Amino acid sequence: MRHHRRPTRGTGAIAATLACLLLASCSAGSTATGGSAGKNSLNIGLTAEPANFDFTKTAGNAIPQALLYNVYQNLVKLDQSGRIQPQLATSWRLSKDRRTYTFHLVKNATFSNGARFTAEDAKFSIERVSSDWTVAQKSQMDVVDTARAVSPTELKVTLKKPSNDWLYRMTTRVGAMFSRTGVSKLATEPVGTGPYVVKRWNRGDSITLARRDGYWGREPHFKSVTLKYFKDPTALNNALLTGTINVINDMQSPDTLYRFQNNPKYKVIEGSTNSEVVLSLNNSSGPMRNRKARQAVRYAIDHKALMDTCWAGRGKLIGSMVPPTDPWYQNLTNQYPYDRDKAKKLLKESGEAGHTLRLRIPTLPYAIACGTVVKSQLEQAGFKVKLDQLEFPAAWLSTVFKNADYDMSIIGHLEPRDMQTVFGGKGYYTGYDNPEFRALLQKADQGTKKEQITYMRAAARLLSKDAAADWLFLLPMLTVADKDITGLPVNYVSESMDLTGLGRS
Amino acid sequence: MTPAPDTAPATASASGQGSPDRPDDVLTVRNLGVTVGGRKLVEDVDFTIRAGERVGLIGESGSGKSLTALSVMGLLPDGLRATGSVRLAGVGHDLVDADEARMSRVRGKEIAMVFQEPMTALNPTMKVGRQIAEVLLVHRTRPDRASARAAAVDLLAQVGLPDPAAAVDAYPHQFSGGQRQRVVLAIALANDPALLVCDEPTTALDVTVQARVLDLIVRGVQDRRSAMLFITHDLAVVATACERVMVMYGGRVVESGPVQEVFTRPRHRYTRGLIGASDLTAVDDRGRLATIPGSVPPAGRFPAGCVFRNRCAHATEACATRPDWVPTGPDSGYACFHPVAESGVRGTAVPTNQEAGRG
Amino acid sequence: MAEQPTSAPLAPGPQTGPVDAISVRDVTRDYRRPRASVRRPSPPVHALRGVSFAVPQGQRFGIVGESGCGKSTLLRILAGLDQPTSGSVAIDGRDITGLRERQLRFVRERLQLVFQDPMSALDPRMRVGDIVAEPLVAQGHRHRKERVAELLEAVGLRADAANRYPHQFSGGQRQRISIARALAPRPKIIVADEPVSALDVSVRAQVLNLIADLVDELSLTLVFVSHDLSVVRHVCDRVAVMHDGQIVETGSTEQVYEDPQHSYTRRLIAAAPTLDRALSGVSAADLNRE
Amino acid sequence: MTVLDTEAAVASAAPDDRRRRRPMTGSLLVGGFIVMVVFGLALLSFVWTPHDPTLVNPSARLEKPSLEYWFGTDKFGRDVFSQILMGSRTTLFVGFVAVGVAAVVGVPLGIVAGMAPGWLGELLMRGNDLLLAFPALLLAIMFAAVYGASTLVAMVAIGIASIPHYARLIRGGTLQVMKAEYVVAARAAGRGPFSIGLRHVLPNVSSLVIVQASVGFAIAVLAEAALSFLGFGTPPPTPSWGRMLQESQEMLSVAPRLAVFPGIAIAVVVLGFNLLGDGLRDRFDPKLEDHR
Amino acid sequence: MIVRLVKRIAVLLVSLVVSSVLVFAFMAVLPGDPARVALGTSASETAVAQLREQFGLDRPFVAQYLSWVHGLVTFDPGTSYISHTEIGPQLADRLQVTLWLVGAGMVLACILAVPMGILMAVRHRRPSGLILSALSQAGVAVPAFLAGILLITVFAVGLGWLPANGWTPPAQDPVLFLKQLVLPVLSLGMVQGAVLTRYIRSAVLDVLREDYLRTARAKGLRPMRALVRHGLRNAAVPVVTVLALQLATLLVGAVVIERVFVIPGLGSLLLDSVSNRDLIVVQDVVMIIAMAVLLVNFLVDTIYLMIDPRLRGGSS
């Protein structure tokens, strides 16, 4: 008599596979070694995955972080301490009138599509920035008048007016060298002179870079490097703890550092970045137009307590929009020491006490953490604060960044030397419009190196005295890695996460 | 309903049985009771059914007649407990507290049952033929599926279904109420049970269909010399289908005896009232029917002593104690202190009634 | 059923007395079944195939038939709850076919229904007082409280039953409440659909007596539907036998029961078991014989 | 109207009360108790909380549970117990909005679909099923993208997504009620469809609504927790158990209690409402119950 | 039978069209101009206009809608504004990931729920039944992501038996793929299993009350045998409905598990595209989910036909 089986007859097979799976994994015993198969392959954990590979058209730091200096190379690059070093240009000279740079290029460099790198490619890349690029940084090339390929290995670039800043910009994405025959599919197939090429992209999960044979320069240690992306900081930590990755590039949850510090298997490196966590104030409209009210805000914030609470004391206190790795850095934290009573007095004097300040923060880990502390401290100083979150990037970019519909916000400005763009530019969301400040910046840019430092320092002091914003602290560069990984960069100053120097002892 | 405390000899058992366990006795029920959470729904029910004998069990709602049937089958719903003894000829153990293993061997083989509601009695997603064959295969009265299926076709023919060969592959929803009840009957009679229990088998059917099903039941039982326990509230149906009848009220058998005897010379006041109320031809001078005053109390909430005394015109203090069972024959008797006089004429429930007598 | 339905001629002679309480002329009602096959639409179901009869004022008119014979459909059409496919129905002389709900007011006042299943006839969530008063509320009568008490007394229940709930009453009592509700708007016609089929024998007699008393006292016109021949025979003066959507025979109760003309009626009467016939030796097989 | 026969008078209402007094099932008791406690906490939080839940107190960072801080403090030094207390308010608000939206739209839709003639009922149900194609979380994410993440937005989305379940359930109940003879009687008495719906259908399906509401409450609380975990739920500073759970994830190995307390709170509330739902279902007429 | 099927297919198609219109309309309302977000806020107006033109965003609504639907039907859902890459393959990968996760999760749920549900119904009055019932209530009350977090803390970080998170396509490294699947499937399966158990319990309880079960007992079948031969097939109908509902909600509901275990599933893609305002991808994902739900409902209906002969038409 056919025995009528229960309706789940089909599941028998699948149940078997799941059961043996459990057995297989338990018997694995030792910590699952995860992805790091061989000795010369490396897995790095990051937080923000690039949308595509074309940083000429897509904003955001994720693309240059992965590709610059690894797939693409520049004429000149930035080293750990912020000094400009040769890369595709072996040497360069600046003319007496400080308007013409002459670069001598390496002879044997080739692109990953086989084409040779010549001065013509360099000329093509520089001119292409103004013609084809759409991102904001493209304006950094406006100062270029002409670029001439004197010979295959010599390039002459003439500026409209002297600019110390320009050479520094050539170390960033605008200085990346493209092959004349390799710009057709930039979004999906980047062609550069660097040691690595993109091997595979499991979208939403990881990008794998492989070392290309026939690289003209010194071969980096790792044959393949996989960049794994984690939205959730805890998942990032767990990945390192279970060996799925070997390095956490930019740790976003400082409170969990203790799990790695006193653990012999790992090492923690704390360096600095260009990312100033700015309490931006809306200078152009609303209660923050009042200078006294802005100063009251700066006195009301206890920066040390804030950094301890929301970023576990990691990072560096700064007084203005200049990170320590910039030559014209000076410690301005003493201009507005924490003084709640003075803040209360100034707020009363400013006549803005009645207004409720809208603190509109993006949904980023440091912003959410600091937002709570800032709101609490300001309220203790008599301010009325309403906190709301705007989904990053879309909602925050359109509401705060583009329409300046805010009173206060918290955002990290991670572009290098961005004091000029954030506070000098017209129509920028901070709404700070000070002709004296702009004049100082211009003098600094066109003056000699020494003049650049004195004028930039004056500009930073003016910005801080004017309380154009409040600088909460400088985000630290927290790198956590397996003990045996060498050559890890301490600071994160250039836009690139340079993989070429890494190795395994 | 033990007349006196337990010491009484078994012979004078409550239902006035003659000598117990006569050779062709099929079902012997002694002191059957059904309780739920302390409340007694059925009390002291005793009776015996011989092979081929058709016994009716009549009563209104809440009288406990269905519970009696279900306790014989061992299919009481959750929470209800049966007490006393139910013995079936040819079965070694008592049926009351038998475990599932033993009872499942008896059900469908020695005892079979037909239920009231045909529309829900069959599994809607299984072919009718397979549901019949199942009872044969479960008890191995047919060796394999093919022969069971053939037997099913034959059974369908026996219960008068049109085109049994096609019917065996049809689903229940393709049959009318009457036809489905005949399928249930086919299942019940499949293994020639010693006892067929019918719980209001034709109540849900129309008159013409009822006639055909009753005929099938009676013939089915007679052909197999099976004993039958027939439960209904309809006096006419029980009188037509059964030879002997037991009247239940308030969970107790108040009167039993041959149909002719009980329905022409009722002795218990309730039986008389019931007959009077069910006779729609006997009307008083103003054309009104005889009625039994009051309404049936909810199950388990009947008065102590005689359960009918709260509605009986002749009740006296004596009725407060339980009336003894007065045997009037081998299978008949009643339990009433003030029975209807021996010579009482049929249908004189209410003095003002003139003789009905209509055919 | 090859035979033609025989029915006594309509109300004898010209309309002498007052107009009929109910007059039904050639009413049919078809239902369309969902398509069973792709090619041709499924055949319609003919619930009523040309039914005609008349019920003069004050008469007790019985309708007997087995399930599926169309009696319930007929009742719904009489009560103006359903429209016939063709033919006409008149209540107290006024044609009600094709009217919209608002124009059926006068039917609501004149004709009320009593139902079969005591468990389903009363809204379990409403108090008895509100149930009985519902027709009064619907038709805008005032001082309802006294009227409800009066009605409950009339059906043999204490006035204080008004603030109890239906589940606190026995089957018979719930049927009494149902009757009280039907009498609320002082209707002229009561249509009872199997009012006693779900009751125990002893309680059935009480309710039948109550109906008989009320019909006499309020000189109501009664339409009494049942599948039980003996009940109809006791209650009604005239009876119509329905089968398969048609009235196959009409006549006075005595004439139809004593001398049934139509073969179906004969089979119906033959198949119905009664105590007397059983006691006089009629067996189950006899019932089954044509 | 004379009293016609004495026997009828004797047969007046039966003395004893036959209401099917079913015992209060265990789940009703436990579920009801838990729900009462949550309501109590929410009301209490309006009046008193041991500390100000939003007050950042850097010096009292990550304190262990103590007499002063019963559940200890979180990484901003905020008292966890006060947050849980205030969080109960958000939880109830979440439940009411979600259930409210679903019931206010779903119940009438269900009743109309049940009472309407066949084809209209079918049409309404087809439209209703269409809404099933947009599961709760999907709607919540899309709404959050348009109107910005907030508790109200999230819960309205959850509410809209559960409308089809209410409508389908109530239509089932309505169809059963419409088959009852007391509805035919009401029509015969001259009652219009609207008053029948209000007087007869709604009271009789109300038991279904209450049962579904309590289960709906539990679903809403779980959904809010999930949304907060994804960052779409209740924005700071309003305390919410879901967000506390999400924030605690980071500190799991140093202060697991930060995850345990909100986790237990959510589980208890969900358990409470589910048990209440089961208990109510057994309590009301079993024949109308539809094991959702 | 065929009529019912034809009707169901018609309803399915109409629902698909209507839901596609709904989705498209909703997307049009979404604030934030996708081209502007794609290019970053400081892009020039001309660049934005040029991108809008490239993506056809400047065409009238109906034209945009038609080309979108055409893309869907021919399995070429166009290119994403943000990543400039083909959406088709990306959707396919993500769908496959989610189907693996949800499929295995639901299978585990069934393996847990069917026996437990039946047991709880059969022992409905006895203590063992009550204990199981309490257990399943607790299972329902635990949020899935909490279960996930706890499993990671214990089995991955704590004992190190399994990887904490991550996803590897099965073809690439089957063993790692299975290891990474265990914890997410467990946390999904247990919670959904608890929910399913409650429905199976009530469905079986209903069936136990049916008259034909009593008939089966009267035929001599023991209680468990009667339930298996007659009860389960009829109890399957309500259970299949709930299963379909769970499957439908999990397509996006699993995003919570995807986020905890860093699995690139459909839900995560939806979340990311919504925050990046990658409208075309959002539209496609929502449409896929709607199609999946409607398809599942359609399958459920056909399963009804197979289980319940009454629906197959052809009455006596």
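When the chains are written out, they are named A, B, C, D and E in that same order, and each has its own residue count from 1.
Everything that follows uses one rule, which is that a contact is a pair of C-beta atoms (placed from the backbone, for glycine too) under 8 Å apart; a residue touches a chain by one contact, two chains touch by 3 or more.
Because the structure is a prediction, the values reported are computed rather than measured.
Engineer: What's the minimum number of touch steps needed to get from chain A to chain E?
Structural biologist: Contact-graph shortest path, chain A to chain E, evaluates to 1.
Engineer: By number of C-beta pairs in contact, which chain pair leads?
Structural biologist: Looking at every pair of chains, the most contacts join A-E.
Engineer: How big is the gap, in whole Å, between where the Cα atoms of chain B centre and where those of chain E centre?
Structural biologist: Using C-alpha averages as centres, the distance is 55 Å.
Engineer: Averaging only over C-alpha atoms, locate the centres of chain A and chain C and give their separation in whole Å.
Structural biologist: For chain A versus chain C, the centre distance works out to 87 Å.
Engineer: For chain C and chain D, what's the span in angstrom between their mean Cα positions?
Structural biologist: The computed centroid separation for chain C versus chain D comes out at 46 Å.
Engineer: If I count partner chains per residue in chain B, which residues reach a count of at least 2?
Structural biologist: In chain B, residues 288, 291, 295 touch at least two other chains, as defined above.
Engineer: Name the residues of chain E that each touch 2 or more other chains.
Structural biologist: 31, 157, 229, 233, 259, 275, 277, 314-315
Engineer: Multi-chain contacts only, two chains or more: what residues does chain D have there?
Structural biologist: Answer for chain D, listing residues that touch two or more other chains: 5, 7, 11, 14, 18, 144-145, 249, 252-253.
Engineer: Give the list of chain C residues in touch with chain B in this complex.
Structural biologist: Where chain C meets chain B, its residues are 66-67, 170-173, 200-206, 208-209, 212-213, 227-231, 233-234, 267-268, 271-280, 282-285, 287-288.
Engineer: If you look only at chain B, which of its residues touch chain C in the complex?
Structural biologist: Listed in rising order, the residues are 60-61, 177, 206-212, 214-215, 217-219, 233-237, 239-241, 259-260, 263-264, 273-275, 277-281, 283, 287-292, 295-296, 356, 358-359.
Engineer: Tell me, which parts of chain E touch chain B in their complex?
Structural biologist: Interface residues on chain E, with respect to chain B: 125, 210-212, 214-223, 229-230, 233-234, 307-310, 314-316.
Engineer: Report the residues of chain A in contact with chain E in the complex, numbered from low to high.
Structural biologist: Those residues of chain A that touch chain E are 4, 6-8, 11, 14-15, 18, 21-22, 24-26, 28, 30-32, 34-35, 51-52, 54, 57-60, 134-136, 187-188, 202-205, 228, 230-232, 235, 238-239, 241-242, 244, 391-395, 397-398, 401-402.
Engineer: Where on chain D is chain A touching in the complex?
Structural biologist: Touch list, chain D to chain A: 54-56, 58, 61, 75-77, 144-145, 148-149, 231, 235-237, 249-254.
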